[in-house]
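Should a chain be cited, it is by its letter among A, B, C and D, assigned in written order, with residues numbered from 1 in that chain.
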């Protein structure tokens, strides 16, 4: 597969699955303001997904649409990072997942603002503002809830312990990223990891939370190896188009 | 639709969806013995489903297989009682749902043992022993957990309050049942309801539980009107065959 | 009293009442009840449509639905603020909703069973809501009137989106068209009931009209809704599930059948298809979120103590 | 000691040790560890296959899978009973599992990602398990030996069912065949690791063999598994993902590559793909079920008091 296609699917699948998980909180969040915020982040993520899939579909040149990519691929063909498919166990997990994603997503989009690939550069320049807004919000909540009550700290620490091993999958690279880095499509990848480390070290310390020692052990999403939650997410997400394969919506 | 087809789908869809919900407890029940019991009930229910669908498919005469009926119909075409699609909120709900189902299922199968329809009579005579075993088990648990600790009583009462309004959907009848009753296919329907009332009054009283006053308000499953949990059950259950519609398994 | 008479004169002259103006207790109570019910309806109204966000069949439809549900939460927020100007707190209103004491629009106690319901809800339910809400833009109470101006603008957008979902289905496969017809069949009567019982049976109508809180009778609005919606159904090629529906040359309006008001009163009483599920979902969200709200409060307290200590 | 020597002579003569016989503490401890680990493996082993029960693609496959998972729970039950004869309670063993102190077979820390995994797990994982378990039918400890006779009978049935799932996939569409190959690729190496590290690196092997708890070395069993499985893969038309795999005319066996033992030790340490999810699932089941267990105890206490009072 053209490395551009693979890369755009990795990005778009990651924003889609996170958007899907985020959107599931609508009407179920702890306060009305969070219902609104989660809907808003979900919207941004779905919008970004459409843009990534358009580039992927165009580069692939097989006439598939963004909806084909979202609704008619199987689990092993989805290339999202495992982090975003982790379950909506509770709102602490949802916030921590979002924060760890944002801490990678912002430097990634900033790097892509200098991409040699025009469509990717445009996408990044268009969405970097949204992403900056997301991390401002999630960073603030991590600090307030980490350094909040005993219960809120315990919840946030539990979520961090559960999710930290998956954060590395966001930054996993292989020959796809290396090829694109060599072409200037993906500039400054080394800076992304440093920025992630600096951001999380500073924020989690302010939040009085402890980074787990076992590191970023879990990877594989980028090559289509997922966790057992993924199949359920896709079954639900794809159910209507799969049931009526000839329909347009 | 031939009333035999409708009736067999109502029965088979009800056992299938309950089997599906029951089987989801495997590995997640409060004690190993319940893992085994729920798997066992699930097995019996799936087996009964196959028998009901065989009669339905044969009567329909369109060449559909039991698997076609299970995996390639949509929510509005499923005719199960709403009770069995109620969610696995906790194990108390699972036990109470099973008990209310059993309290109807046993007199229903006993009645069908005298059906004028040979295949239905055979099915009932074959499965009535399983069903008797199920209610012996679930009645016993309702009594022990209702008349158990304060917490277990509260849990069982909560489950009863939530599920009682749906129990009536098991016994809902329309011209389909009336036609079949007239033909002797469905003998003694009036006795089924009386048996249900007697069984639940006696058992719930021994369990020190209070039957809610608002009655059996919820119906509609028998005509394809479901609750919002149903779509998710089907999305999951049908996901593999829907994803690979040309495959055989 | 003198004050009451002056107040009524202000209303009659079309002067807007503002939060700090004197107002009769009955006027305040009526408004609190009505605005908070309306806010609760927006909050609970997230659930039936939220039910399909994760299953929307295209990325575009998913985004539109998500934006719509977000708007509903936003409307809830404006409306709670408007009610707060009358001296009730959001927490009090929330407590009334969660305990089942406060009402919300009965329509949200019906389930959304297929994707077509996203069309029908937008087209019919938002359509009926707008019919109810447009006159409220001219409500005598300023904060409510201004909230409604924002709400109505967004609602009419939602209604067009719902209609567009229906249009796409009706132009689609046989199965899609059947899905659209089925959704219309299920949502038609509950939508008509959204205007409330006939005026002769309506408790609060008369005083509310005198106070400029209500501008039209329930029956007037229902008639207007039918007259607007039936031609749209015809355009879509769908059949309105009312055998008594008929164009009346004389009145220039449609004659139509009577909704099943016993069903309406059952749903109001708490026995609708989803009453329990809706309240359970809202209570679960609130209970599960207690640690979050307490955590933020604890953090704010720490910050304040630090500032005080400095 | 004299007793130890007598015990060893009994073992050497092939006499079965029973629960009330004298036995060395080391023998008892080794057996408790091994039987309880085996029981825990059956319990945790419910999860990866349980994951597909609700999504099995035909009614027949759903029933077969459900029966299989039920058998696993049943095996857990026999094995807990066998361990209890050695003086440890089921609650103690459960506590050891839930706290992460006790181990279970590492293979269950891999995820089941497609329906084909139900084939691969049955064929390869049950296949390897049987290889390990058949000799245990002749284990020197009677209750364990008898439990294993029951277990083995059912396991070989499961293995055939798993193979049949693979066969059906390999005779199916291109997508199905690819799914089968993908499952083989993911499960091959973890299955080889099920026999444990090479004997030279295995801690307990020598003493266990002397005591008649273990009959074959890890490497012998692994070789046997490869020799049995490779022709089956060929029959299915699948490729074993080992470039070093080659028939050796001289030895009459297959030569094969070395598994990645660093992965094995990472998984053992708790860093496998699903270690946390598996323990979390078991802990949740146990914690959520506390009210159930307490309720039954409370009921039994009431009954006993009533009997005592009569």
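As a convention for this text, a contact is a pair of C-beta atoms (placed from the backbone, for glycine too) under 8 Å apart; a residue touches a chain by one contact, two chains touch by 3 or more.
Listed by chain with UniProt protein names: A, B = Phenylacetate-CoA oxygenase subunit PaaI.
Quick caveat, the model's predicted, so the values are computed rather than measured.
Counting hops only between chains that touch, subunit B reaches subunit D in a minimum of 1.
Here B-C and A-C are compared, and the pair linked by more C-beta contacts is A-C. Most remote from subunit D, judged by the distance between CA-atom centroids, is C. Centre-to-centre, using mean CA coordinates, subunit A is 41 Å away from subunit B.
Distance from the subunit A centre to the subunit C centre is 34 Å, each centre being the mean of its Cα atoms. In whole angstrom, the spacing between the mean C-alpha positions of subunit C and subunit D is 57. Across the assembly, subunit B contributes 74, 231, 235-236, 239 as residues in contact with two or more other chains. For subunit C, the set of residues that touch two or more other chains comprises 55. If touching chains are joined by edges, the resulting network of the protein chains shown has some other shape, matching none of path, cycle, star or complete graph. All chain pairs in contact, by the document's touch criterion: A-B, A-C, A-D, B-C, B-D. Listed in rising order, the residues of subunit A touching subunit C in the complex are 16, 20, 23-24, 26-36, 39-40, 42-43, 46-47, 49-50, 53, 66-67, 70-71, 90-92, 143-145, 147-149, 151-153, 155, 236-237, 239-241, 244, 246-249. Residue ranges of subunit C in contact with subunit A, taken from their complex: 43, 46-47, 50, 53-63, 66-67, 69-70, 73-74, 76-77, 80, 115, 168, 172-173, 175-176, 281, 284-286, 288-300, 302. Listed in rising order, the residues of subunit D touching subunit A in the complex are 48, 51, 55, 111-114, 182, 186, 266, 270-271, 273-274, 276-277.
Within the complex, the subunit B residues that touch subunit C are 74-76, 162, 165, 214, 217-218, 220, 225-228, 230-231, 235. Residues of subunit B touching subunit A in their complex: 74, 231-232, 234-236, 238-239, 242-243, 245.
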